[in-house]
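Right after this note come the structures.
Two complexes, one shared chain (chain A), two partners (chain B, chain C).
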Partner chain A sequence: MDIQFFIELFFGGLTRGSIYALIALGYTLVYGIIELINFAHGEIYMLGAFTALLVAGVLGVYGFPAGGILIVAALAAIVWCAAYGYTLEKVAYKPLRGAPRLSPLISAIGMSIFLQNYVLLAQTADFVPFPNLLPEMEFLDHIGNVMGPSDFLILMVSTLAMLALSLFIRYTRMGKAMRATAQNRKMALLLGINADRIISLTFIIGSSLAALGGVLIASHMGQVNFGIGFLAGLKAFTAAVLGGIGSIPGAMLGGLVLGLAESFTTGYFSGNYEDMLAFAILILILIFRPDGILGKAKVQKV
Partner chain B sequence: MKKGMTWLAAMAVCVTLAAPAQAADPIKIGVQGAQSGDLASYGVPSLNAVKIVVDEANAKGGLLGRTIEVVAQDDQCKPEMATNAATKLISDKVDAVVGPICSGPTKASLPMFQEAALIAVSPTATTPGLTEDGKNPLFFRTVANDNAQASLTSDFMLNNLKVKKVAYLHDNGDYGKGFADKNREIMEKGGTETVLFEAVTPDAVDFSAVVRKLRRAKPDIIVFGGYQPVASKLLQQMRRDNLKTPLIGPDGVKDETFLKMTGKDSEGTYASYPKDTSTLPEYKKAREAHIKAFGSEPGFGYYNAYAAAQCLLAAMEKAGSTDTAKIKDVLRENQVDTPLGKLSFNAKGDAAGMGLSIYQVKDGKFVELDHSIVLE
Partner chain C sequence: MQRVIKAAIAALWFMLLTLPVLGIKLNTIERTVSWRLDRIVLLGIAIFGLAMLWDWCFSRKARGLAIIKLPDGFGLGPAMAALSQKPKLMMTSLAVLAAIMIAMPLVSSFYQTNIMISALLYVMLALGLNIVVGLAGQLVLGYVAFYAVGAYAYGLLHQFFGFGFWVCLPIGGFVAVIFGLALGFPVLRLRGDYLAIVTLGFGEIVRLALQNWTSLTGGPRGVSNIPRPGFFGMQMDISTSTTYVYYLVLVAVVVTIVVISRLKNSRVGLALQALREDEIACEAMGIDIMRVKLSAFALGSCWAGFAGVIFAAKTTYINPSSFTFMESAMILSMVVLGGMGSITGVAIAALILILAPEYLRAFSEYRMLIFGAIMVIMMIFRPQGLISGERRRYRISALHGTEGGRQ
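Let's turn to the complex of A and B:
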């Protein structure tokens, strides 16, 4: 077996997997708190890419250095998408909180289609080029094409983001309140936790991570389009279910497993099977381990 | 009552018999294609082209002493609407059809035109199977079929680039896979080795796995079948991952957007595309007529439809009749000066005399290379 090729595929899978993981965290956080699959989440990722594109375009005109533009564009995308996530929850889900579980799900799908068409009308149906803002990284040349600057950036940034999220959930007051709400919303309410604030916070964090994923992928692929959120969102959802929906380490693990699986399938078999594999995994997981790799089986109380 | 019916029927017979005798009846040219809907920009230029050619002929006194009339039918480029449009054209008793515009509707309408003994000349339907031997003897087209491009590109790779190892990527669509398949068939006959033949998922989050596989296969050239968006994404990722192998694609790649998306990454990329005929007098005339009539540059398929209408009218004139059996043979022999060059049709119905060239990106522009074929 060709070790070099294996390593290349491994890192390629990690890159892709980190993006899935970043988006999957949004699905898992929201599901953990209010048991809703936010199907408009992929569109937030797409909005992140577009926001960064617009900000980078404006800053580029004024001649800022490339690295600086990327950082400002990423921050702008995070703030802007956090606002979108917050509004999305207030408009599409909060009014339906007491409704049967199907209603917010349909509302989510509606929002997804709305956001796609909104960007289609506001921007364009074509693919739009995203400027290459990455600095040359000479030390990467020595490791034999295993990763390029954008792969390196994606791995670094997503690892930091996931680490920060884990620490936040584990050690801060807000994080503890989030965990408490996820465990038992009624009890948390009785203890004086403002559930509405926690739900808003969940959407804000999830959307920021998705926006970050969008910016990273836009600088990796070099182009953006209104439709990129759909398949990426679906794959990330698969990753979240794979890891155990509702579980934060599960979403990270699920993303990486799915990314690696896709990369190796394409590398050793054929790119034809890439999408088929993702959804075959989803179906198999649902059949044999419905709670995912790290999910816990829920005891239905009577 | 019964007597009245007989009388009516007798009258109907008289009218029908009398119809061909009236020389003043106009010759009707049907035009079928997308004239509304989201693909209208593909169909409307064709209708404009036929109107311009017909107006010009009428201004010169018409054809065979009769005036010519254009009968338009909209199929929105949807196969399910195409049969309706075709039925209407047939019941309107058109003498020949320019169209349909898209391959799917063409496939749906052709059997009906064949049965009604009507000649159809499509300006833009490129699916190779439409002109299979003997299947549609009354079908013609003024555009190169998809296989023609593959013949040109494989010939160029074998004889000019002299490549040995070839990788093929496609988007799994009819057009993209067809191009890759045909290239592979010809290249393997020419003695090259296929190191990779694979589909890519157009919406994939990234293409890194495929690019790494390509790098490992070490091809001399990459044949890409598909359209511009996938081609540009793939090319960008290849160049970023230090893969410098050149890429060759069909006309779906030769697009201004492709250059805009890929920037300097596209340098050296090859694509096949119809030969540049913009210096021909017929081309200039057709373009000026459109600008005069509609105040804008002609759109997609305009020159192909212009040529189709010219060939059709010229064949009727030479045959001295609008009879299908007569003009069918004349169409094949008659060479007509069109914006695309001197055209006639081969035995299958494909345009002969049209040129296809290889283009290469040089300094951010597609430049026509000195390698072209003339279709026979």
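Let's turn to the complex of A and C:
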């Protein structure tokens, strides 16, 4: 077995997996708090990529230096996607609190279709090239060609983002309030936690992470399309379920496992079946171990 | 006044929100940016109006009032109820409707007949999905997979064995049922959103398999030269055979409606509706959930299979791109818009959602956008749909005086 090839696949899988993990966190956070699969989350990721593309394009045309553009574009994408996530919750989910469980899910599917077509109509149906804005990283040349600059960037940024999120959840007041709400919403309300604000915050954080994922993948792949959110969203959801939905470390682990699994299947078997693999994993997990790797079994109360 | 301020803030918020995606058009080749601020302003004005309306709707909803108050006996639902109490009028209107539907291909153009065929096919699909989602309350997002299975069953059986339409129709339905059971059996334990996701995954797997298994299905090229249905070996030109397919679909829709309305009040149908209302209570009542769920899956997928065979025969050409998730979502939005569980509502919604974009050209570009919006708005303001699923009620006459019996 060629060790070089193996290492390449391993790092490729890590890169992929950390993007899945970034998006999966959004699913897990929202599910943990309001038990809703935010079906439109993948579209937020897509909007992140698009916003970054447009902002980068505008800055590029007006002649800003390439190095700064990516950072500004990423920040803009995060801010706008946070706003989109916040609005999404206010418009499509908040009016449905207390409705039967199918209603918010259908509303979420509607929102997903709406956002996709909003971008399709406002921009284009074609794949749009994303400018290459990455700085040269010479130190990467020494370790062979296992990792390009964009892989390196994705790994670094997503690790930092996940670390920041973990610290936020663990130590800040808002993070503690989020955990309390996830554990028991009624009790949290009694303790004076504003549940509405926590839910908004959850959507904002989840959407920011998804936007970050969108920017990273757009600069990695070099192109953006209105439909990329659907598949990425489903895969990230698979990752969230794989790790145990509702569990934050679970989402990260699930993302990495899924990314590695896909990378190795593509490398050693065939690229045709990588999407099918994700769906097959999803179905098998939901059927045999719906609580995932790190999730806790829930007792259904009547 | 407060409402105006709130609406103005909403308008500003949305103008800011849509600034990058809607307001910037980038030309990456010529490296130019065009700011489309006119669009943003128009959007702001529209949002202002909508926000006022939205707020007003919520204040009505909060006070428990209907959004649009119609005089008594007006509107679709009450009108249907009133109609069903007058058998004579009901029969007359049904006869008129039947006459229109039968005369339709004779007076209209080839193009319109074709549109009507696909509208009727969607009515059939939506009614089939209505069994699973509307009656049984099991959210299935991969419904189009069974449609694809039916279509490919006909296409491939014809390609490899030369089977004709009439042989394939039952086979297509049967194969779809097998797939339905194959999906239904393992997912029996799942409920609600997990079920939705699993069925979505299943639908995508079927589509990806069709796309990648090139040796069998022809991959993205699909299957072509599928014959139109024959009629005792008669030779037909394209317009006669279209008319023939039209009548075929019409009959299929009528059969579907009859079967489902019979099913609704049957033992199985009542069990399905009990399952929708409360799974646990249903189980506690001694209903075999497994059997009920499986029968819902089987019945729903059977209809999709039939529709698939007819679709293949109508278009004579099938490929995996006709069976995407968007198709499933579209059929689902028909069920949601029509009113889960209501036959008339779902049929009307399917006709509206397919025919409106065809005749309003300007509208067709925005079709999916509007579908999405409809699904959200219906869930918020009118989750029961156009016509709420009318249910047969029984009263005990001793308790309610003379007026009793079946209603």
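Everything that follows uses one rule, which is that the second predicted complex is superposed on the first by the 299 of 302 C-alpha atoms of A that agree within 3 Å, B and C clash if a C-alpha of one lies under 4 Å from a C-alpha of the other, contacts with A are read in each partner's own complex, and residues count from 1 in each chain.
In this section, a residue touches a chain if its C-beta (ideal position, glycine included) is under 8 Å from a C-beta of that chain, and two chains touch if they have at least 3 such contacts.
As the structure is a prediction and not an experimental result, all values here were calculated from the model.
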Using the superposition on chain A described above, determine whether A:160 touches chain B (first), chain C (second), both, or neither.
-> neither
A:187 contacts which: chain B (first), chain C (second), both, neither?
-> neither
Which chain makes contact with more of the residues of chain A, chain B or else chain C?
-> C
After superposition on the shared chain, which partner residues are touched by A:91: those of chain B (first), chain C (second), both, or neither?
-> second
Look at A:71 in the shared chain and tell me whether it touches chain B only, chain C only, both, or neither; answer first, second, both or neither.
-> neither
Go through the superposed model and pick first if A:60 touches only chain B, second if only chain C, both, or neither.
-> second
Touching A:129 in the superposition: chain B (first), chain C (second), both, neither?
-> both
Between chain B (first) and chain C (second), which does A:106 come into contact with in this model arrangement: first, second, both, or neither?
-> second
Is A:15 touching the first partner chain B, the second partner chain C, both, or neither of them?
-> first
In the superposed arrangement, which partner chain does A:272 touch: chain B (first), chain C (second), both, or neither?
-> both
Shared contact residues on chain A for chain B and chain C?
-> 129, 230, 272, 275
Within their complex, state which residues of chain C touch chain A.
-> 13-14, 16-18, 20-22, 24-26, 28, 31-33, 58, 137, 139, 141, 186-187, 189-190, 192-194, 196-198, 200-202, 204-205, 208-209, 212, 280, 325-326, 329, 332-333, 336, 365-366, 368-369, 371-376, 379-380, 383
Can you name the residues of chain B that touch chain A in the complex?
-> 172, 198-201, 203-206, 208-210, 212-213, 215-216, 229, 232-233, 236-237, 240-242, 257, 260-261, 263
Considering the complex alone, what residue numbers of chain A touch chain C?
-> 36-37, 47, 50-51, 53-55, 57-58, 60-62, 76, 80, 83-84, 87, 91-92, 95-96, 99-107, 109-123, 128-129, 131, 230, 234, 237, 241, 272-273, 275-276, 279-280, 282-283, 286-287, 290, 300, 302
Listed in rising order, chain A residues that touch chain B in their complex are 2, 5, 8-9, 12-13, 15-16, 19-20, 126-127, 129, 145, 148-151, 217, 220-223, 225, 227-228, 230-232, 235, 262-264, 266-267, 270-272, 274-275
